[in-house]
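Each of the two complexes below includes chain A, the first together with chain B, the second together with chain C.
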Partner chain A sequence: MTFDIALYLGQNGVTLAAIYALLAFALVLVFAVTRVIFIPQGEIMTFAALSLVAMRAGHPPLLAWLLVGLGVVAWLQDATVILRTGQSRRLLRAGIVYLAPPLFLLAVVYSQPLSSLAYPLQIAITLAMCAVFGPLLYRVVYAPAAQASVLTLLLLSVALHIALNSLGLLLFGPEGSQLPAFTDGSFQLGGMPVALQTLWIIGSSLALLAVLFLFFRFSLYGKALRATAVNRTGAQLMGISPAFAGGAAFLLAGVVGAWSGILIATTTVIDYEAGFVIGLKGFVAAIIGGLASYPGAAAGALLVGLTESFASFWASAYKDVIVFLLIIPVLLWRSMASGPHDEEES
Partner chain B sequence: MRALRRVLLAAALTAAGMGSAMADITVGAVLSLTGPAASLGIPEQKTLDLLPKEIGGQKIRYVVLDDRSDPTEAVKDAKQLIESDKVSAIIGASVTPSALAMLDVVGAAKVPTITLASGYNIAFPVSGNREWIFMPVQTTALMAQATSQYMASQGVRKVGFIGFDNALGEDWWKNFSAEAHAAKIHVVASERFAPNATSVTGQVLHILASKPDAVLIAASGTPAVLPEKTLRQIGFKGRIYQTHGVANPDFLRVCGSTCDGTVLSLSPGIVAAQLSDDTEIKQSAMRFAQTYEKAYGPNSLNQFSTAAWDAGLFLEYAIPKALKTASPEDLSAFRLALRQAMVGIHNFPGSQGVYNMSATNHNGLDSRAVAIAEIRAGQWKLLKYPN
Partner chain C sequence: MLYRLPLIAFILALCIAPFMLHGYPMLMLNYVGLSVIVVLGLVLLTGVGGLTSFGQAAFVGMGAYAAAWLTTTQDWNPWLTLLAGLLLTTVAAVVLGWVTLRMSGHYLPLSTLAWGIAIYLMFGNSQTLGGQTGITGIPPLSLFGWQLTESWQFHILIWGVVLSIIWTVHNMLDSREGRAMRALKGGTLMAEAMGVNTTRFKIILFVLAAQYACVAGWIYAYMQRFVNPTPFSLGQGIEYLFMGVVGGIAELWGGVVGSFLYALPREWLHSHLPSLLGRSGSFEGIIFGVLMIIILQRAPEGLWPHLHRLWPRRVSAPDALSNAAAAPLDRRLRPARGELILQLNAVTKRFGGLVANNAISFEVRAGEVLALIGPNGAGKSTLFNCISAVSPPSSGSIRFLGKPVERCDSRKVARMGMSRTFQHVRLLPRMSVLDNVALGAHLRGRHSFVASAWRLDRAQEQRILATARDALERCGLCEKAHLPAGSLPLGQQRVVEIARALAADPSLLLLDEPAAGLRYLEKRELGILLGRLRKEGLAILLVEHDLDFVMELADRVVVMDFGEKIAEGLPQEIRRHPAVIEAYLGGVGDAA
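Here is the complex of A and B:
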């Protein structure tokens, strides 16, 4: 291996790491706040990327209809509770909360000349759809079981993953697609061409993570989410609704997942089931960080990205095996370091 | 009570009788309509929709089941088709693992089965269960041979190989490395990548370090775009070869101008309009191309549809012959008659080649089933046929 090749592989590994870091961040956030291991994170990625592809081809993304459907289900779920207490005014309010955003987005994607919109605007619509998608998934699937064990929530995640995977085939078809780079072109760095898109990926990931850091450190909502993560009951006693915290965590996961999906679709071909393995790699990164620490998850992402890149050079047939093997020594080390503990922590 | 039961029984018998009068011959299909192989199964299903609804004066009913790209499901589907739908023949499966898994079931029930998958072991050697299998698909060996001979004719001495890290990639590696050796081409690098890989930079760098004249990408569908784009990004100037696994419109759409100049061996049915008029398959290939494009739009032809179409041609040929010696009412006799009729397929032009079946070969394709084409401005441009 020459120095040139090592540079290439390093650049490639860091690019991958930037995307895995976003995924790992979302997984850690969702787990800390709601105890949900969010396997369908991968589907959020693919749904976002493929919706954007559809829009660029001038087709209204069918994801908008899925959102309306989820909104109706969420509203019915609330209605069963509200009707029992007989407060019909709350029925209307719940209807507005759950149905107004999906219907607005549906109106947007059917009224706008999608293919002629500017690329950033198309991306904004996609992110908005996923910002609605995340909380609705939480409301419909996880909130009714919010008090259940981690294992139950994990099984819900598996079920949701399979359901979304099949829906993905229905909504987007079996074929893969790719998105164009935000900015074409490349420049020379130390004798190696670096694509401008690589800068976009690494730069936007770092910027997004920085914004989220500031959000959690300084804003009231961020602090509320952190409080829920530290102690759910304590936070509830301080007036932080766990349902609100869950919805907020899923909103962030939706937006971050969508952004990472769009980023990765500019570098590779994404089809309806591509998200799962990519999501799993984000998960490996999150595990390396103990599913609790954001800097740990970011370090894990860097390790996964670089390992993947260099493994693909030396032993491409075993690349994924090597990446997923990383998890075993980490788990061994973590369980030895932390000592024995209960099966169920909740 | 007994009277009531008799009435119900009579009603059921009448219904059953009407059922068989409406659909005299049932053809089952096991396709991968969902799961990883959906991009194969869906065009195959579209093709089956175009097959004749009446052959030899008999109504044909098609029952298509989805195996979800899962061999276990394929076996269940095949059992269901045989036991409850009473099919005379089966088309499928879409992929080799499913097709191999179905062998025991269709062999034991003695149902003629036309596989759409390309694994050599599905149809060879013709004995036991495989006596019931027919395969209107070019074997990997045939395609690999055509590709490596074309490479040699273009002066390629050193070639790099990158393939899927699954059965398809291995099958190509096994056949291509042997054929390349025969054509005196040196394979200087062999790499693998996952169909859903996020990056193949490492593999591509490894290939380029060995300075090949050309690179062969052995993958299928849109995932095959990634190595091609990465090769060009890192600055590979040589010729890139793909396989017939990419011969569908979505590959062209996703790869765009990057794929200009890419060479591949594919089914001649896809370039039917460019075949010269004096080739044996011109007419049969045009019939496929015109029917398919009329239904699904221009430039919709693809590798998987040509195989499914030829499966339909086998039935169109065999059913009238079988009807002369057996009645569809006598299912096992009719299945046997269908099988024998298909073994007798001789000098039979399909959409993608000329079939010559024999007691030892239920594939029957030769070099007339391979065209060499180049991608130019998002179209398949025929370079060489017959190969």
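Here is the complex of A and C:
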């Protein structure tokens, strides 16, 4: 391997790492706040990327209909509880909360000339849809079992992944697609061509992570989420509703997942089932950080990205095998470092 | 015998099946049987052990590929390839288990996700294993010159394996090590305090599940006579888990029911959904995913418990209790009354800058009740954890029966003869009282789960159960032996915990707030029980809040406040001790 190739692989690895870091961040956040291991993150990525592809081709993305459907289910779930307690006025409020955002988005995608909108506007609509998608998934799938064990929540995640995966085939078809770069062109850096899109990916990922850091560090809502992550019951006693915290975590996960899906679709072809494997790589990164530490997850993302990039050079057929088996030495190291511990004290 | 009727009907149906079914339905039944083998492993892992794996299909694949590759390229005997496959899966499962099971419960399923994908990709990419086309031309399986090629022959093989797995697992769970496996769900703290090596049992469960999957894969390879990567994908691994969840993963028959309930509609949906939706592709995932979400939200225990209610259950006969002739296990040599049992010397525990226990020293002797009292936050529980080897002291020494134990783990001190109860009752609510108590005698038995699976442990098992009954009798709870522990009122549950500790035949009994939450009469009975145990020569250390209870019962009292020992003496001395009065009531000078 020449130095040039190493440099190129390194650049490619860091680009991948930037995306995995975003995913890992969202996974750690969701796990800390809700104890949900959010496997369907990968489907959010593909749904976002493929919805954007559909919009650019001038088709209203069917995701909007899925959102309306989820909103109806969420409303019905609440209605059964509300009707039992006989507070009919809350029925209307719940209807507005769950149905207004999906219906608004549905109206937007069917009223606007989608293909002639500016690229950033199309992206904004996609992000908005996923910002609604995340909390609705939480409300419909996870919230009814919020008190269940981590294991049950994990099974729910896998069930949701299976459902969304097949639904993805129904909504978007089996064809793979790619998105154009945000800005075309490249420049030379140390004798190596760097695409501007690479800068977009790394830069936006870093910027998003920085914004999230500031949000958690300084804003009241950020602090509320952190409090819930540290101690659910304690936070609840301080007036932070777990349902609110869960919804907020899933909103962030939806937006971050959608953004990473869009980023990755500008570098490679994405089809309805591509997200799962990419999402799992985000998991490997998050696990390297112990599912608890944000800097650890970022370091894990770097390790996963570089491993994948270099493995694709040496043994391209086995690159995913290598990335996924990376988890074994990493867990061995973690289990040696932390030693046995008791997980039941909750 | 009525409760056996469904089982007999099921076995009869299996016997008739080869005469009634031909062609595709017969094949289908064989596939369901193979799934059942895999799902039974998951019942062990998830239903019994509280762990889970999405990567079982990868183990099935390892069994199948080991058989295919070794017979076609290396000319191995098919039966030898089974051994090779089992060895391979065992090594893989031990490594995966050893790496992940020492950490929190969700690391195993997550790493099996990655594992499942990696192995599947490896099958598809390896040229040695034939890539996506796989390996063809596997010779038929033969047994004493008799070739297995027909569906009905495999029917006998597969369902024979299923029934023997059900029988052996049923036996295994109903034994000393089986109880230890079932205790895993109650949390590591309790199980370890009873001397159960929880990591070992978790790994055993995982390895067993992997081996069952491997056997299914091995049969599959010889039934199909070719293998390719598709049936060993992560998706298939997830489906196995779903089968268990649908049927009810907590029980063996739930796994059987689930496999039928899942496989048959799946087949139908797979062929009919695309035409209904007017598109090609597999859409059954939408239905199954949604169905699974609803089941997990509404009936996480699965369908089996609901089905099971339809016919009479086996009534646990109380007469089985009385006519058991087995003698309790031999007791260890009891220390003589007044002998030194436990000695604390300047035990200090720091958490960062906070000193929770500062240079605490005291002794407990055989045949006495020592009470450790103090206001909230005095550091009693911290000290209790140091003594029971849950967390080691920062400095100082603890000697138990003359040996230092401050660096031992809780299994070791349990083996030495220290037994404890918990402040928050830690029983296994669905297990019978007798089984809960028998768990306490875990360290006094020898037989492994392998012997139990084939019922070679019955003599010793009878003695363990006799020991448990003996402990229950000493505590006056004999007539509750066959009730689920969770159905008892709190007071009796605390007594069951004491009986469990007694079943370990301890020299020292550690009781963590045994009177908390008890009513007056229950407290009096508890006092009488502890008095009787003291008379038997047991050393008892109890941490307690209830002063009246302590003053009536204890021989000596140690009082702690703010991490310091402030007084030690006879109950009547403690009652008048100025420092104690100040700690409990506030000093006279403090009155504002």
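Note that the second predicted complex is superposed on the first by the 341 of 346 C-alpha atoms of A that agree within 3 Å, B and C clash if a C-alpha of one lies under 4 Å from a C-alpha of the other, contacts with A are read in each partner's own complex, and residues count from 1 in each chain.
One rule holds for everything that comes next: contacts are C-beta pairs under 8 Å (C-beta built on N, C-alpha and C of every residue); 3 or more make two chains touch, one makes a residue touch a chain.
The structure displayed is predicted, hence computed values, not measured ones.
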{"item": "Touched partner set for A:Ser309, first chain B, second chain C, both or neither", "value": "first"}
{"item": "Partner chain in contact with A:Ile37 - chain B first, chain C second, else both or neither", "value": "second"}
{"item": "Contacts of A:Ala195 with chain B and chain C, given as first, second, both or neither", "value": "first"}
{"item": "Which superposed partner A:Leu325 touches (first chain B, second chain C, both, neither)", "value": "second"}
{"item": "Touching partner for A:Ala274 - first (chain B), second (chain C), both, neither", "value": "first"}
{"item": "First, second, both or neither for A:Ala317, with chain B first and chain C second", "value": "both"}
{"item": "Touched partner set for A:Ile162, first chain B, second chain C, both or neither", "value": "second"}
{"item": "Which superposed partner A:Pro174 touches (first chain B, second chain C, both, neither)", "value": "both"}
{"item": "Dominant toucher of chain A (residue count), chain B or chain C", "value": "C"}
{"item": "Partner chain in contact with A:Ser335 - chain B first, chain C second, else both or neither", "value": "second"}
{"item": "Contact residues common to both interfaces of chain A (with chain B and with chain C)", "value": "166, 169, 174, 277, 317, 320"}
{"item": "Chain A - residues contacting chain C, complex", "value": "37, 39, 141, 144-145, 148, 150-152, 154-156, 158-167, 169-170, 174, 277, 280, 283-284, 287, 291, 317-318, 320-321, 324-325, 327-328, 331-332, 334-335, 338-345"}
{"item": "Sites on chain A touched by chain B in the complex", "value": "2, 5, 8-9, 12, 15-16, 19, 166, 169, 173-178, 193, 195, 264, 267-269, 271, 273-274, 276-278, 308-314, 316-317, 319-320"}
{"item": "Chain B to chain A touching residues, read off their complex", "value": "34, 36, 38-39, 41-42, 162, 165, 191-194, 196-203, 205-206, 209, 221-223, 225-226, 233-235, 248, 250, 253-254"}
{"item": "Sites on chain C touched by chain A in the complex", "value": "46, 50-52, 54, 95-96, 99-100, 102-107, 109-111, 113-115, 117-118, 121-122, 125, 187-189, 199, 235, 238, 241-242, 245, 277, 279, 281-286, 288-290, 292-293, 296-297, 300"}
